[in-house]
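Below are two complexes that have subunit A in common, paired first with subunit B and then with subunit C.
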Partner chain A sequence: MRVMSAIFWKEFKGYFLSPVAYVVLTGFTAISGWLFYQLLNYFIRITSIMQGYMVKGQIMREWTLVDDVMTPLYRNLSLLLIIMVPAVTMRLFSEEKKLKTEELLLTCPIRMSSVVIGKYLASLVVLFLMLIPVGVYLAIILIYGTEPDPGTITAGYLGLFLVSFSLAAIGIFASSLTENQIIAFFVCAVTGLFFFSVGLASRSVGTVKFFGHSLDFSELLRQLSLMEHYNHIVAGRIQTTDLAYFLLIIVFFLFGSRVSAESARWS
Partner chain B sequence: MIEVEHLTKYYGEIRGVEDLSFKIGKGEIVGFLGPNGSGKTTTMRILVCYMPATRGQVKIAGFDVEKDSMAVRKKIGYLPEHPPLYNDMTVRSYLGFVGRLRGLGKRETGQGLERVVEVCALSEVVDRLIGQLSKGFRQRVGLAQALIHNPEVLVLDEPTIGLDPKQNADIRSLIKGLAGEHTIILSTHILPEVTLTCQRVIIIHQGRMVADSRLEDLTREQDLEQAFLKLIGFEQEEKRT
Partner chain C sequence: MKKFTQILGLIGLVGLGVGFVALLIGQKANPFIYLHLLIGGGLALLGLLSNLVGLRDYFLKRAGKAYSGAVLQMLILLAIVFLLGFISYQHDRVFDVTSNRIYQLSPQTEEILRQLPGEIKVTAFLPSVGYDEARQLLQLYQNQSPRIKLEFIDPDRHPELAEASGISTYGTVVFDYQGQRTRIVDPREDRVSGALIKVSRKESWAIYFITGHGEADPEQQDKGGMSLIKQYLESQNYQVKPLQISAQGIPEDARVIVAAGPRMPYQQVEIEAIDHYLGKGGDAIFMLDPMVPTNLEALLQGYGAAPLVGIVIDPVNYLTGMDAVGLTVVANTFDPNHEITRELKGKLVAFPRTQALRITAGPEQAGKWIPLVYSSASSFLETNLEEFRQGRLYQGPENPKGPLLLACAYSEELMVKPWEQDKKKPGQIRIALLGNTFFMRNMALEIYSNYIMAINLFNWAAGEQELETIIPKARMPSRVFITARQTQLIFYSSVLIIPEMLCVLGLAVWWWRKK
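The block that comes next holds the complex of A and B.
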């Protein structure tokens, strides 16, 4: 516990001693604010013209703040996270390797798991701070919106946290693989994109015969897809499997980071 | 204090060290000599539980480095070849951080910090960023980091490399001052340094031990440089021509 908090504070202060935190926090606030403004602006303009999505003079679907402002915002922001999160996590282990300070960590009477968790928590706090502005947009909608569904749009906000925390676990693992921060950044971004897009393939594959067992490949890919689970949450249908999915990704990659960080011993 | 028996380490096919055995008693300062690439760093890394040996046994203060790794790590202070320093921390916060990692409480860390700052003469730079320090100071911060928990055993990998003569002398007298309560093993390939600090030398060459004796015995008939070159198979005649 003592070690974990020592690592946590060192990393957390490190974020604010270097430009990383400022760049990420400003960047995310600016882009997400701009997106929110544009979506809301468009929503106001289009609702003043017509009530909803029309086909042959019939309203098929009414415009709502949930479907036409918050849901697109959450979808876009989740992609923005693929760039922001690796920038936060890329230095966590790479820098230790580069400065040769991992030799200190590996010879102190500490467990590598506390080091990994301490570092992970530090990145989570930065990501938490980064996502606060989105809470402000959410509050604006909840306060000024006419009939927003608070459950659904809050669920989407939670989804953003889950996605960024999962990407952070992937990022810390990527960082433990290399002493080069740029490589760590791209490994995380590409792995993140893989998890986002793997579900797209599910439409083109069917059931596969595998040693006499039939394997529903399409369902497997859909379950593996981060986008799929995220969409459930954004739509307000949170299931235990969705939460389990994110938890599993976090645990898996944190465990991988521990093993990878210890692997310096195996040379 | 340190017992090494038949220590062997291979990196895949490449030999690191082979069949090394020695014992170091409490309070001794032992110089670990050898040409570059002879296995000094490998041996030290095994002693400090950085990596496991391929074969053989190492005991520090009665604890096995593999089975009781945590107990051993508590007893050891280690200065690697590249001092493990974070450039964006001040000396004070860095030493505090290491103190916490070494398992010291808040008060113990504070006391340890005061002690090592005085011992390593760091008081003028204690609030400066490590990244801005000169090489000599960085080396001393590295040494301070190894000393903060007042370890029984001190393992120093080339502590004076790249320092100017004045800094060199400072570090040497510092190390000498630590003798007695600490058992010290230090590696180097700068021979005069050994004569000035150590009572005993272990010389290894190509991973094997070629000498382990008191410094007086080794230098009775010839100076250390001659003895060293002879032991690593470098002919005297060749050297003269």
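The block that comes next holds the complex of A and C.
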């Protein structure tokens, strides 16, 4: 625990004594604020003109804050996280490798899992701070909106945390593989993009015969897709599989980071 | 040479991987896949065999052992993760956190499922792309009742099965029960539940729309037609049929007859047939448009209600999109207890071009009229129709002022003689009288809560107390009320001030660290 705490504070200070955290926080806050302002402004204008979304003169559905403001905001922000999270996590192990301080960690009689979790928690704090402004937008909607559907909006916000925490786990794993921060950034971004988009492939595949057994490959790809699970949560339909998915992603990649760092100890 | 075979081995592994993935996605082996699998496998084998000694030495070293151990651990964890994921998928539970509980079945549907008489086979012809909501909805039915046997068929992959069932439209769901069959397209909760009742009910209830006097046509799909309400009624287990009274009288199986805006007067023989039908405990809906005498007025007067001559104008509460003077009256005052209107509390119903009604029945009347819908206090009845036809409106002291009655309902219990009780069930006369048809025509049915009122009207008239309206669930419409100043504040604080502060803080730290 002491080791974990020491690593956590070292990384935490590292973030805020270098420009990394400020650049990421500034960028994310400005873009998310701009998106929110645009969506809200459009919503106010469109609701004063039309009663709902119309096709051929008939109202297909009425305007709602969930469908027309918060869901587009959450979806866009989740894509933005694919760039922002690797920027936060890329240095965690890569910098140690490059500066050769990793050897110090590897030769110390400490558990590598404490190191991994300490670093992971430090990145989570930065991500938490990054997502706080989105909570302010949520509060604005809840205070000034009529029938805002607070359960769904809050679920979407929590979903944003789950996505960022999962990407952070992927990012720390990517960082443990290489001493080059740019490569770590791209490995994390591409892996994140893979998990986001793998569900799209489910449309072109069907049941696959696999060693005599039929396997619903399209359902497998859908279940692998981070976007699929995130969309459930944003829509207010939280399934236990969604929560299990994010938990398993985090556990798998944190364990992978530990294994990767541990293997460096013996090589 | 050794380096070369190592590279070849790696290329072989990549080719083998690509071939394997292509086989999984494409499902059918083709020359491209064969080429990759064969050449990739060959090169990989070559690389392996020519570097066998080197590989053995590497794996015997500490680093080799560490890396191979790491890969093995990752593979074991991957297997565990997949296993846990599979278990959670098999025991999935859904938590609906929406305000309207839009991912749950309504209590009416749950009741319908509880009362299913037997096993109903539900076959959904849904393509694998899209239709997720329909799939989830049908699975909710399956989870709720063991009597629902659900099967999904992708018509693209099994066209022969779709053809055998006569399916030509994506999203068709077929319900089979003891030789009876019904189908719906584009499943929604109201349609699925309606189909379940329809397929499991022995008798079929018919609603007859009177024809021959220029009435609104349930088959007509343009704005003036009533094809939308016909669809809704069919999804609620009614058969909609045309009725020419002069030729066939009123059939025995008529559950409800509807006079939907006749444009010319009914003949005496037709009025007598309707009167006779009502007298036996029949049910009817009369929707009479303004400025058209129909001869039904005298019949209705006998029951104690009649339309007032004139047209209702509401210069304040009207739908601006449909007219400029207030002809499309928006009503928000409803009887809170009647089955037709009790769901409309806090909602709006638009009545384009309506006349007002008057209840004249006294205490001697056997039945009772209930006023259902009123216009607002700002409305008035334009009685000078000649002036109105020439496009001139005049509100004088002689014009009746709002609130004006726009719809009312009559019910009368029929007394059955003791010696007839075995033959005849105790009946009830139900009459719904409305001052217009336009609220139910295609042009206005989906405005505000018109269709809720329309469906409730038919359910009440048909005596369908147990089947109340299942409203397709959706999120509540919402609005944001903030001033222009507050909008500016949101813009400045979220887009400029907070990022600016963070930026300045970052620069300060960077400057301080640099020193």
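Keep in mind that, in the parts below, the second predicted complex is superposed on the first by the 265 of 267 C-alpha atoms of A that agree within 3 Å, B and C clash if a C-alpha of one lies under 4 Å from a C-alpha of the other, contacts with A are read in each partner's own complex, and residues count from 1 in each chain.
Keep this in mind: contacts are C-beta pairs under 8 Å (C-beta built on N, C-alpha and C of every residue); 3 or more make two chains touch, one makes a residue touch a chain.
In this text, all values refer to a predicted model and were calculated from it rather than measured experimentally.
**Student:** On the A-aligned overlay, A:196 touches which partner chain: subunit B = first, subunit C = second, or both, or neither?
**Tutor:** Touch status of A:196: no partner.
**Student:** Looking at A:74, would you say it contacts subunit B, subunit C, both, or neither? Reply first, second, both or neither.
**Tutor:** In the superposition, A:74 contacts neither subunit B nor subunit C.
**Student:** With both complexes superposed on chain A, which partner does A:3 reach: first (subunit B), second (subunit C), both or neither?
**Tutor:** first
**Student:** In the superposed model, which partner reaches more residues of subunit A, subunit B or subunit C?
**Tutor:** C
**Student:** Which partner chains sit in contact with A:223 here, subunit B, subunit C, both or neither? Use first/second/both/neither.
**Tutor:** In the superposed model, A:223 contacts subunit C only, not subunit B.
**Student:** A:106 contacts which: subunit B (first), subunit C (second), both, neither?
**Tutor:** first
**Student:** Using the touch definition from the top, say if A:18 reaches subunit B (first), subunit C (second), both or neither.
**Tutor:** Touch status of A:18: both partners.
**Student:** Residues of subunit A that sit at the subunit B interface in one complex and at the subunit C interface in the other, please.
**Tutor:** 17-18, 265-267.
**Student:** Which residues of subunit A touch subunit C in the complex?
**Tutor:** 16-19, 21-23, 25-27, 29-30, 32-34, 36-37, 40-41, 43-44, 47, 51-52, 58-59, 61-67, 133, 136-137, 140-141, 144-152, 154-155, 201-206, 208-209, 217-218, 223, 235-241, 244-245, 248, 251-252, 255-256, 259-260, 262-263, 265-267
**Student:** Help me check something: in the complex, which residues belonging to subunit A touch subunit B?
**Tutor:** Residues in contact with subunit B: 2-3, 5-7, 10, 13-14, 17-18, 99-110, 265-267.
**Student:** Mind pulling up the subunit C residues that touch subunit A in the complex?
**Tutor:** 24-25, 27, 62-63, 65-67, 69-70, 73-74, 77-78, 81, 84-85, 88-89, 91-100, 102-103, 128-129, 154, 157, 446-447, 474-482, 486-487, 490-491, 493-495, 498-499, 502-503, 505-507, 509-510, 513
**Student:** Note which residues of subunit B are touching subunit A in the complex, please.
**Tutor:** 11, 48-52, 70-71, 73-74, 76, 78, 80, 82, 84-89, 93, 97-98, 100-103, 145
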